[in-house]
Amino acid sequence: MVLQLLLNGIVTGLLLALPALALTLVFGILRFANFAVGAMLTLGAYAAYTANVLLGWPLPLAAACAAASVALAALLAETLVFERLRTRGSITLLVASMGVSLVIENFCRFTFGNAARSFDLAVARPMRWNGLRINHEQIITAGVVLVALVLLHLLITASPLGRAMRAVADNAALAAVRGVERRTVARITFALTGALIGLAGVLAGLDRAIDPLMGWNYQTPIFAAAILGGLGSPIGAVAGAILIGVAEEMSALILPVSFRQIVSFGVILLLLLFRANGLFGAKAIRK
Amino acid sequence: MTPPPDPRDHALAVSGLRAGYGRGGDIVCGIDFAQKPESIVAVIGPNGSGKSSFIKTLAGLVPTRAGSVVVTGRDITALSPARRVAAGLAYVPQEANIFATLTIAENLKLATEFLRGRAGVGPEQRARVLDLFPELGQRPRTLAGNLSGGQRQMLAFACALLANPEVLLLDEPSAGLSPRIVGETMEAVVRVREAGVTVLLVEQNVAAALGIADEVVVLVAGRLSLRASAADIRQADLAGLFFGKAA
Amino acid sequence: MSPFLQVCGLTRRYGGVAALDSLTLDIARGQVTGLIGPNGAGKTTLLNALTGLARPDSGKVLLEGDDVTGLPAHLMAGKGVVRSFQIVRELSSLTVFETLLVAPPGQRGETLLGALFGRRKWWAQERENAGAARALLERVGLLKLADQPSSLLSGGQKKLLEMARALLMRPKLILLDEPGAGVSPPLRLEIVRLVRELKAEGLSFGIVEHDMHLVEEVCDRVHVLAQGRALVSGTFAEATADPRVVSAYLGVAA
Amino acid sequence: MISYLVTVVIFVSIAALVGLALNLQWGLAGLVNFGVAGFVALGAYTLAITAPHVGWFAGLALAAAVCAVVSMLLSLLTIRLEENYLAIVTIGFAEVVRILLLNLGDLTGGALGIADIPRPFAGLTPAGWGDGAILAFALTLVVVVFAFSEALVRSPFGRVLRAVRDDATVAAALGKPVLALRVRAFAVGGAIMGMAGALHAFFLTYIDPSQFTPIITAYAFMAVIAGGRGSNLGLVLGAGSIMLILEATRFLKDVIPGIDGVQLSALRLGMIGVGIVLLLIMRPEGFVAEPHRRLADFFPPESEKA
Amino acid sequence: AEIPIGMVLPFSGATGPYGPDMKKAAEMVVKKVNDAGGLLGGRPLKLFIEDSETNPTVGVTGTKKLLEVNKVELVGGFWGSPIALAAKPIILAADKVQMVSCAANAVTEGDTKGLVFRFQAKSTSWGPAGAKVMEKIGAKTAVVLAQQNPFVVAMIEPFKAEFAKLGGKVTEVVMYNPDQPSYRSEVEKAFGGEPDAVFCLSLLTDFVSIAKEAYRGGFKSKIVALSIGADAEGKFLQAVGPEVANGIYHLQPAPPLESASYKKFVKEMGAPAGTVFLFAGNAHDQICATALAMEHAKSSDAKTWAKSVFEVCNPPGEEVDDVVKGLELIRAGKKIKFVGAGATCDFDAKGTRSTARSSSR
């Protein structure tokens, strides 16, 4: 039972990990918390639904389509909205992203209506191993998340593009005189996060029903995970997500399940009391 | 006044340059200026006279409102700061001149990674630059933001040199450096010039600047109020230069 | 003269680097004490430790005989120890004038109830402070920019504002971190004059500076720091004559 | 029509109160509070639970007091956190409040909420004028809180909070008790949010957890940003324009033919999103800029002296 | 002149899936009445609809707008007790009629001035119905898995009581909060103890997640679900696919799918026979009752025609399920008893519909 809960927690956490990665990426590079992650996740799920159910494509292809469409949407949001507000402080951008979130969510509602939908994929009974139940979907999720994490981590810490991203985050004017165009970096970042969230939308759609509010339901845990891990740190985002997932599921052992979100809040508060920058947050830097 | 400079003879040619911030008035109010290749020109002037704004405009960080900037024969007026790098322009700002959240090693790497087609310095020269500031080599994984004030200046200067520029714009490179390092930095500037780079230097440390500059221009209230050889300026009365009548 | 501030065996490490390495020195009352030394010697760290911004790992700081080691920043300021920053930290949304108005201590209007119910009282204080602020602005040549947001000042102007802000805090000891860097030569003379005047009024100074002329002009004594320790102490002439100082700090004899 | 407008004005008042509070906490002191909905809910429930026993006025005071104390505690725990971390802790706080309200049924009525909340002056107003009384009450509350915040913003207290917001280290080096200042600003803001919650409860006379969704928080931030961070007058205008967007879209949709109900609804909500984004893009400085103390306040220029 | 009537329906938020069909049903009735010449000697009905966004505060402004700007005589719709409860004082203050299709008892409690009518079975009556299904499928132990929402919470105690009477035992009640990303813990907790059956009191979206999760978890307990959650007008099957949907028992109070009036309604909605249109049926009935009552009272004044609602809906009288026919009979001076698509619409003095039946499939 305990092991099963742990496993469930990890699965829940892994589902949060991709959007948390995306959130942390935008935050790390562009210094604002993008509230539209939830809505973009919904969009990803619907894009995959369109490809998979309406056009009859196989799911992997539909997932690629979802990643591409959300990347495009993110790029659009960046060029139409965020780019124009770049100099206006992180909270203004956050509020703008709320507006974007409303637009995206209701684009989905307008096009697909409110009814819950699913992919064209039979739900499978679990595999059993030592009394533990494991699904195919869970294995797929874990694989996708791990690959994304490793790639992203390498990209950010070890590639010139990653360095350019962090340079822009640090001091855009200086980056410009070193030959790094902020606008380009911002667009690449957004496209990248869009792709991540698109994939996350597919995974979430596999896990539950697709409806216009699905992303909204992930919103708080996504934020919690990214912050817990330390904004701007990819490993932190994944670790934070898993921690949140496990803490919530395990809390069922001692508390009524309806109180479990309180547990994750408690975990966050406790951690931040001791580590003000989250698990893997940047070390303090003197000005 | 001087006739408009022929851009082809000059490494840097500026004519009728006007610039300012946002909706405010001009801070740079019509500057005509040209600099011979492989020379060092020092810009001095009172605080707030627009020296930093002037070279920021050259680097493209302050929008140009009128006039033109030509670097080694290429008109860069309409280019973004990042694209000016390709024309061989390197710039060290007065404040915030390093990436505080990147390590020293990353700062140095980034200096040569995005030159847009230009090549950075060769390995030999690279070693020479790093020898200049041994402290930078000692702890490559330290975050640059945790360096002392002087160490930051060194890092910033080193990064600019690594880009192998044609024209180097320096905003107060000596501020915060110990006298010994000031001396070494100034020597480095001279050596850079000898390697074929044109240097435009803003300094408040007038003595140090005069020590190496070929020419000095005085900027007051956004205009060039005087241009003379360094030797002439050494005799002049600074307060007079800065606050009114030319000597 | 009794030392105003004593630093005994102060140590502060950052990772492998000992920014301060059991540093011992003192700052005399009513004098101007120069703190010089190579880049990275630990001068700024010392100021941070003295003003509650860096907690020393070990060692003691005594202010007029009281142990003030590790006191938080605002309490150190309350005890009359104020500082300026080497890398300027302006209050970006305040105007130049407002920046100076924030500085004076003991403002009645800065408490919740005082602000709401004691308007008459704090307004009187405010007038007084405004007078002092204006006079100082005039001296450092920023009066015309008084109503500008302070983030829009030039580098040198910020430096001057920073010093003016510290002066308005009615300090007993004022620690300046490179006040002359980036300031034009005429205004540097103005700084020298200002420091001398205030010293005559009984203020004590600790000044970190790389401009040897400025140090020579104003400092009664200097401590030369290197690698977190005090290398040499004495008058300017004594210190700069020391061969170790020449090689580590000044380079070819200045 | 009038009575509909009254309703809208009352909701604007509630939003303005929340906005004023947020402006103290975030606009002035730089403390991001994404738990606005939680504080409003706390105020509303405190009032709803206590008012039947102690009367509306004491209930209102209690609502303010409870919220002040809770925000003080929360801020003491979290105040050294950086902006974005504080944001999530406060979001989490609002979640916790919502879950507690939902699950502590004995106290809060659970999902069913609390009905029949007494209104102020209910006995004194003639039938049919109930909304008028609550309108007057709401406007009075807004005016009082507005005057209060305005006095704070323009006082040295407001200025030192702005200093803390810009750079806490510098403020500390200037001898300002940063922690105490922040806690105070947060607590005062919390109290005002509690009152806004109480007003909400007074007006609806029925509350349940689903009324206090994060959208309240979102609208509060929009109002502050649209109106100009730090400026109270701008903020009231900001709250008004957000509400205008929300309500005007209702009428717009009455005239759009040819699409079904869900699409209409989606169109309306989408338009709200677009409206917000446009508001931000086209109003770079907000409606009114933050007030500053000028040199001329003390030293009038020569021309005026004459 | 036109007679304005209004409805507050959910088109977004958690109950968003239920709004569109309610709207469709209501518009259908209005069209029928108007095509047949309107009311009170030729006055057509005009229907205004506002979105509640599943949020009571929004519901209140919407209601206000309907009352003040559109001057409606009826504010109907109201899926969700909190929204109905929040709007109730306003509608009563304006002396208009409120018709709701939510189930919490509180709506019709307190002083309703005789203006509030509920078209949904009291939710308490769903409980015993659930227990009977449990008995029918042979479940001895059961776990209740329920969303925290007023509609659902009221069913739990009656279910437990009735189930105990029938010899069963409720081993656990697992409550959960709506709007969660996943319901894994809840499913683990409810199904983990391997009860014979789990009584799922959920709405559509969360039930889809729960059903999938239970299937994927390999749990064997039988699932009994509310038809409104499990079916929401036929969309459940579409959302989870046949494997998952198979073997889930759907609890349906009224309408009995077999009733003639309901079958007729489904046909009019253009849906395949057998579709469960629970709330849409309520919306249909609300408008019908309103039209009939107005005609009966010969007045469009809410206070007056509200009294006639009892006259046209309660026995005795000739049973009618068609609004146009009903109007004709009334004009002819006959006493009628309206039989709704949602249910037979009888009201006690408090405005509560008094019957509930159950069936399962």
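Letters A, B, C, D and E mark the chains as written, and numbering starts fresh at 1 in each.
As a convention for this text, a contact is a pair of C-beta atoms (placed from the backbone, for glycine too) under 8 Å apart; a residue touches a chain by one contact, two chains touch by 3 or more.
Model, not experiment: these values are computed from the prediction.
K.L.:
What is the shortest path, in steps, from subunit C to subunit E when you may only step between chains that touch?
P.N.:
Minimal hop count between subunit C and subunit E: 2.
K.L.:
What are the mutual neighbours of subunit B and subunit E in this structure?
P.N.:
The common neighbours are A.
K.L.:
At what distance in angstrom does the C-alpha mean of subunit C lie from that of subunit A?
P.N.:
47
K.L.:
CA centre of subunit A versus CA centre of subunit B: separation in Å?
P.N.:
That gives a centre separation of 43 Å.
K.L.:
Quick one: report the Å distance separating subunit A from subunit E, using the average Cα coordinate of each chain.
P.N.:
Using C-alpha averages as centres, the distance is 37 Å.
K.L.:
Using the touch rule from the top of the page, what residues of subunit A touch 2 or more other chains?
P.N.:
As it turns out, subunit A has residues touching two or more other chains at 106, 109, 113-114, 212, 256, 258, 261, 287.
K.L.:
Show the residues in subunit E shared as contacts by 2 or more other chains, in ascending order.
P.N.:
Residues 11-12, 16, 19-20, 148, 175, 177 of subunit E each touch two or more of the other chains.
K.L.:
Which positions in subunit B touch two or more other chains at once?
P.N.:
146
K.L.:
Any idea which subunit E residues touch subunit D in the complex?
P.N.:
Touch list, subunit E to subunit D: 9, 11-12, 16, 19-20, 23, 48-51, 53-57, 60-62, 64-65, 67-69, 81-82, 85-86, 88-89, 93-94, 104, 106, 110, 148-150, 153, 175, 177.
K.L.:
In their shared complex, at which residues does subunit A touch subunit E?
P.N.:
Its residues touching subunit E are 1, 4-5, 8, 11-12, 15-16, 106, 109, 113-118, 122-126, 128, 133, 135, 137, 204, 207-209, 211-214, 216-218, 221, 248-249, 252, 256-258, 260-261.
K.L.:
In their shared complex, at which residues does subunit E touch subunit A?
P.N.:
Touching subunit A: residues 11-14, 16-17, 19-20, 148, 174-177, 179-186, 188-189, 192, 204-205, 208-209, 212-213, 215-218, 232, 235-236, 238-241, 243-244 of subunit E.
K.L.:
Considering only the defined contacts, which subunit D positions touch subunit E in the complex?
P.N.:
Spelled out, the residues of subunit D in touch with subunit E are 1-5, 7-8, 11, 99, 102-103, 105, 110-113, 115-116, 128, 130-131, 200, 204-206, 208, 210-211, 213, 215, 246-247, 250-251, 254, 260-262, 264-266, 268-269.
K.L.:
Which subunit D residues qualify as touching subunit C in the complex?
P.N.:
Those in contact with subunit C are residues 148, 151-152, 155-160, 162-163, 165-167, 169-178, 184, 188, 230, 290, 292-299.
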